[in-house]
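Same chain, two partners: chain A is paired with chain B first, then with chain C.
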Partner chain A sequence: MAFGQSFVGDVKHKSFFLFILPSMAAMVLFIALPILSVLVQSVFAPHEQVIVEVKNCGPFGCTESTMIDQEATEKLRAEQPLGRFVGAEIYMNRGHLAFGEIGQAWSASEGLGDFVSRVLNLPFYGALAFTLTYTAVVTPLAIAFGFVIAIAVNSLPRLFRGPMIFFSLLPMIVTPLIGALILFWMIDARGILGSAIQSIAGDPNLSLKASTPLTWIMLMVYGIWSSAPFAFVVYYAGLQTVPQDTLESAMIDGATRWERIRYVVLPHLLPLTTFMALIKIMDNFRVFEPIVSFSAAAHAQSLSYFIFQDLGGETRLLSSAAATSVLTIAGVAILLSPVLVRNWRDFNRMRA
Partner chain B sequence: MAAAASTRMSPPARTALWGFVLLWFVIAAFPFAWTVWGSFKVEGDFFSKADWTFALTGTLTQIETGGAFTGDGYYGAWVQEEFWKATLNTAIMVVCVVAISLTFGTLGGYALSRSTYRYAFWLLIAALLFRAMPPIALISGYLLPFYQWNLWGHLPTAIIVLVAINQPFTLWMLTSFFRNIPKDLDESAMVDGCTRFQAFRHVIIPVMWPGVITTGLFSLLLAYNDFAVTAMLLSKENQTMVPKIASFLGTTQTKGNIMFAVAAVVSTTAPIFLLVMFFQRQIVSGLTAGAVKG
Partner chain C sequence: MHHHLRKTLLAGAVFFAGTAMSWAADCGVSSGRVSIIGNEFPAIKSVAAKAGECDNIEFKANLTADHQKLNVAGMQGNPAEYTTAIIANSSIVALINEDVIRPLDDLIAKHGQDIPAQQLITIDGKVMAVAFMANAQHLVYREDILEKIGVEPPKTYEELLAAAKMIREQGIMQNPVGGAFAAGWNLAEEFVNMYLGHGGEFYKPGTAEVSINNEKGVAALNMLKSLTEYMNPDYLTHDSNATSAEWEAGNVALMNMWGSRTGRLMDAEGSTPEVYENTKVAGPMTVGGGSDPAATLWWDGWTVSKNISDEDAEATFLAMKYGISPALLNDKTMGEAVWMIDGYQPADVNQGVFAAIAMQTTPYPMLPYQGLLHTALGDNIAEFLQGKESAEQALADIEAAYTAAAQEKGFLN
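Right, the complex of A and B next:
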């Protein structure tokens, strides 16, 4: 490009901002500000009721009693809707980081196992444990399962591949709440899978819903069922671009099918795997709907469900939900930090 | 070549792979088929205490309704529980979310794809971070201000929130689509005297539709499938389909009414089924767009 025109390719600052403005405004107003809003809310607690002392004087002398001053309470709440400033108190309480309880558990527990089980009984740590376990189990298994499906579908005659892709997409595309419900109804003690499992186990009263480990397994099975298709589709597309001459020379050199997969196909697909792992980790970390569908809250809670529970119900515990939200967002940031560093390096290399 | 490879495969390996495909087919498709079938039965058959084959033969359905199939679940859901209202709300919401998301997204994505400044990079990274935020964590930030300003419960509120939550993904996808449109196209228009916006309007818009349709499909699915936002931000009369189904579970789990939920679930899945059928190629290309380029 000649001098003087060298900026044509780049959007000038002013038009760039005009173009990006609507999108930016939406993200700032409804993503960035809410993050600030949860930060602020998490250090405020609802006002306590205003209590006044009243003297009741009757024929037998005076008694002092306390009562709630409804009017003053309402006024205070209307004037300062955020509540009173409490600093990190909400983060420290039993429902969140619970350092006090952990300290007690440490001194009271008999061994490491006992300590861990005491900590996991605390609601926040229980939810964190489930969320991390779910992410750590479902992500690799779904990717591996998707890979095998891709290899298998790729070996089909061309005629059957389209319909197979159609059916494979369903578990992923369907509404998560609904997909989970469909599975849940089948494994209900009166559903088809539920009764099959009962007869296999030889226990007519077996209920998957009643046991914590079985509930966890069920949720993870749902997770794999619903996210394997994504891995399948990405790998299947990747398989179509495997360099054919490399494959053929490997074949001529006498490589078995397995060796071809191991030394040609897998290295070709590896970059796709990092991308997919990133997306799946983000998605699995916010696992939420299946817990609603399976009504599994008694046995398994995720961080998202924990927030949902605080927000719903009779008393909306906004401060508590906000504190959990902040902790969840911090978790997401930690999970993503390696990706950010890598992207930053790539970007600098691209510019250089 | 792929066909050649499969002919060279040893018969046991092929049998194992095809068996696996068959197994996956059953795992992926059977739950849907079973639920569609069961939605035309009474509760005693679909959830059979006595014998699971009742669901196939419809024994209790015969006794209770006189036929092997019944539309009672659908009648209960659509008429009695007014699921049609929720369907209407969903339709309005989805159309608005897709239209607004795409308008914002094409403008922003185009600008991002044509800028190599540092701030463009940081914007994309911020969008990636926003994409990772669990929506429910953001919702706890909305509730208090929305109550204060009386915005809570209305359909437009949910629409604009979903648009915002959709933006990061839309931006990423459209940016990568626009990067595939050669810069020379709009640059030559600008050399000819067009402004940036005119170049976008007359040169880019006519060629961007494949990318926009694919991105639109994903915006549509995101809005249609959302539970967190719609469940927390919509009042009962403005409920969309998914939270309505969830409320069937909570309140009407008395005998018979669980079949309302089953019928509603089938009704909600049907449009997705059609969508995948007609747009399979676009969905697959959208899923792989980010991945194949890394």
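Right, the complex of A and C next:
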């Protein structure tokens, strides 16, 4: 792949450049510029509000109240259209990294456990705890389930494979919000699964939605259910490329089915596994839909959910949403770095 | 023969046009665009449908519970997507803060002399909205159940708890209390009610500095928690719709609910006669020995976008005025709300809201930073109700979350 060493280098460079130009332009337009604008947004905040006292009247009489002086605000905006520059202030405030609050928690806490619970009480770290747990549990389990399904479907007689593939893909075909809502109704205290769990546990007050651990488990089960089909499709395609002669020679050598999977199939599918881990880590770190459709915000929150809330609250917090977006990107980059570093090393080894 | 055929076809066409447009009305509009964004409940649906009957307008309506996520963004463009937002006394603040609605004084001078003055919402001397209904949360109870335990409809939250205890102990219902306690906006509203009922003030006088971490705040939280002990364990996921469904299923005997939603509970749809015939309303309750009702008064009204042409503004004004005219009232719409419309006759179902007005319930505050506090409340009460932290800690968290948001927005230094 060493383009630079080619003796028709210039021509190749040019055609290569022309070849990737459209996708580069699209990436700049749709990825780089929006990220840049979010970055800018996150270091600016709205102007200091000019408040005036006013008298408001309505059907229930008049009251003294306050409002924003629009003329004065208009003037401030004309002078500084971006708002006031606050640097990293938004990143540092209680809704985000909250370093000040962590410092206070450290000096005020009576032990490590107390300190941890104080930190997890801060919205960003509480959300991070759920998001990381979710990512760590759902990613490997979804991939493992996908693999098992793929192996199972692949060993079926050809006649049954088509319908089985269709059924296995259903969780992915169903719109996430709808899939989650159906499950949400089923696990309601009066729903079919909720009632079943109550009667199994013998506790009529048991509610999945009222317990934080059970809500977490429910969200993760949903996450695995909805994303295992993706791993299944990718592995199923990969299984069709496993070299048959290697498998046959392994069989002649007396390898069991398990040994064939362990020593032939798995190594062959390793690049696919890396690829899926990358995609799923990114997806899972941005977990969002299940929290909305399970109305689980009282028990589990994620960074994406915070962004949604900042944008949809009574009063929109654009700078806060922007800062959370940047932190999400940073989080994804940190999580992916081990895989990326390994890929980079492999690539360099291939070049050498 | 030919003529005859053409006539028949023409008559047919007119007939179909007539059914499609259903009673097209002359609202005085010559042309223009009317596009409504608003909440989704029966009264607002009726107003929007009525406005849509006007002749010569290009009409659209987007009624959704998520209206507050859409209205500001949909009115900031020029021309704005929405020419009017139907809002309440809390949600108008966001529109005023972002300066996306226009004063209506000129349009009232031209077309609205007949709108009663008390319907006009004036802010700093300018009319910014026209109110058409009043709303409040108040007691809804099951008459048959209260008779069974021999108790009068509760006037205080303490009496409600005592009644709930009797209903549970007598084995009539396991979880007799209902309420829209879904984490977020609804739960925050319940705290606002309870805190005002205890006589609390949200801010240090004359400032945007929050001050709820006090005895009254603790008492309000404790009362909310006592109520949840008699609720369906899923209460943190129950909004007004889910709570209404619980009521209609006959699982609940006592709740604090919006007047605008009681019509649906008392009609014959979605429930059994045992439930809907025994569903009765009463005024809001007081709490902790106070005299102020633990509730807030609300009006719903419409506004006109700033970023639209004068033609569209005029068309919108006229269509919305028609939407809340006496023509709106019929047997179906009469009980949907406490209308501020001539010819409105209060029904039994509306007595709760009238009682709230008569008791001089506090209107929900129209302060520019109240929305930030409401959001902070909605995010931080659930942990206390689940027993994960103390009332003081929850209140401290609310204050801290509000302060961070208010600093970002420039309300506090």
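One rule holds in what follows: the second predicted complex is superposed on the first by the 274 of 352 C-alpha atoms of A that agree within 3 Å, B and C clash if a C-alpha of one lies under 4 Å from a C-alpha of the other, contacts with A are read in each partner's own complex, and residues count from 1 in each chain.
Note that a residue touches a chain if its C-beta (ideal position, glycine included) is under 8 Å from a C-beta of that chain, and two chains touch if they have at least 3 such contacts.
What you see is a predicted model, and the numbers here were worked out from it, not measured in a lab.
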- Message: Just to be sure I read the superposition right, which of the two partners does A:F16 touch: chain B = first, chain C = second, or both, or neither?
- Response: first
Per residue count on chain A, the busier partner among chain B and chain C is B
**Message:** Per the contact definition in the header, classify A:Q70: touching chain B only (first), chain C only (second), both, or neither.
**Reply:** second
Examine A:I165 and indicate which partner it touches, taking first as chain B and second as chain C; both and neither are also allowed. first
(request) Considering only touches as defined above, state whether A:K209 meets chain B (first), chain C (second), both or neither. (result) second
Check the residue A:F115 against both partner chains and state whether it touches chain B (first), chain C (second), both, or neither.
neither
Report task. May I ask you to decide whether A:I35 touches chain B, chain C, both, or neither, giving the answer as first, second, both or neither? Result -> first
Review point. Should A:F60 be classified as contacting the first partner (chain B), the second (chain C), both, or neither?
Key: second
For A:I51 in the superposed arrangement: first (chain B), second (chain C), both or neither? second
Thinking of the overlay built on chain A, is A:A297 touched by chain B (first), by chain C (second), by both, or by neither? second
Going through chain A, the residues touched by chain B and also by chain C turn out to be 188, 190, 295, 311-312, 316
So, in the complex, the side of chain C touching chain A is made of residues 66, 68-69, 72, 89-91, 93-94, 96-97, 99, 118-125, 131, 134, 174, 182-185, 208, 232-237, 249, 297, 299, 340, 357, 363, 365-372, 374-375, 379, 382-383, 386, 388-389, 393, 397, 400-401, 403-405, 407-411, 413
Per the touch rule above, chain B residues touching chain A in the complex are 1-3, 5-6, 8-10, 13-14, 17-18, 20-21, 24-25, 27-29, 31-32, 34-35, 38, 46-49, 52, 55, 103-105, 107-108, 110-112, 114-117, 120-121, 123, 125-145, 148, 160-161, 163-165, 167-168, 170-171, 183, 187, 190-191, 195-197, 200, 221, 224-225, 227-228, 232, 242, 245-246, 249, 261-262, 265, 268-269, 272-273, 275-277, 280, 283-284, 287-288, 290-292, 294
The chain A residues in contact with chain B across the complex are 5, 8-13, 15-16, 18-20, 22-24, 26-27, 29-38, 41, 81-82, 148-149, 151-158, 162, 164-171, 173-178, 181-183, 185-186, 188, 190-192, 195-196, 225, 229-230, 233-234, 237-241, 244, 247, 251, 257, 271-272, 275-276, 279, 282, 285-286, 288-289, 292-293, 295, 303-304, 307-308, 310-312, 316, 318, 321-322, 324-325, 328-329, 332-333, 335-336, 339-340, 343-344, 347, 351
In the complex, the residues of chain A that touch chain C are 45-49, 51-52, 54-60, 63, 65-68, 70, 73-74, 84, 90, 93-95, 101, 121, 123, 188-190, 204-207, 209-210, 212, 294-299, 309, 311-317, 319-320
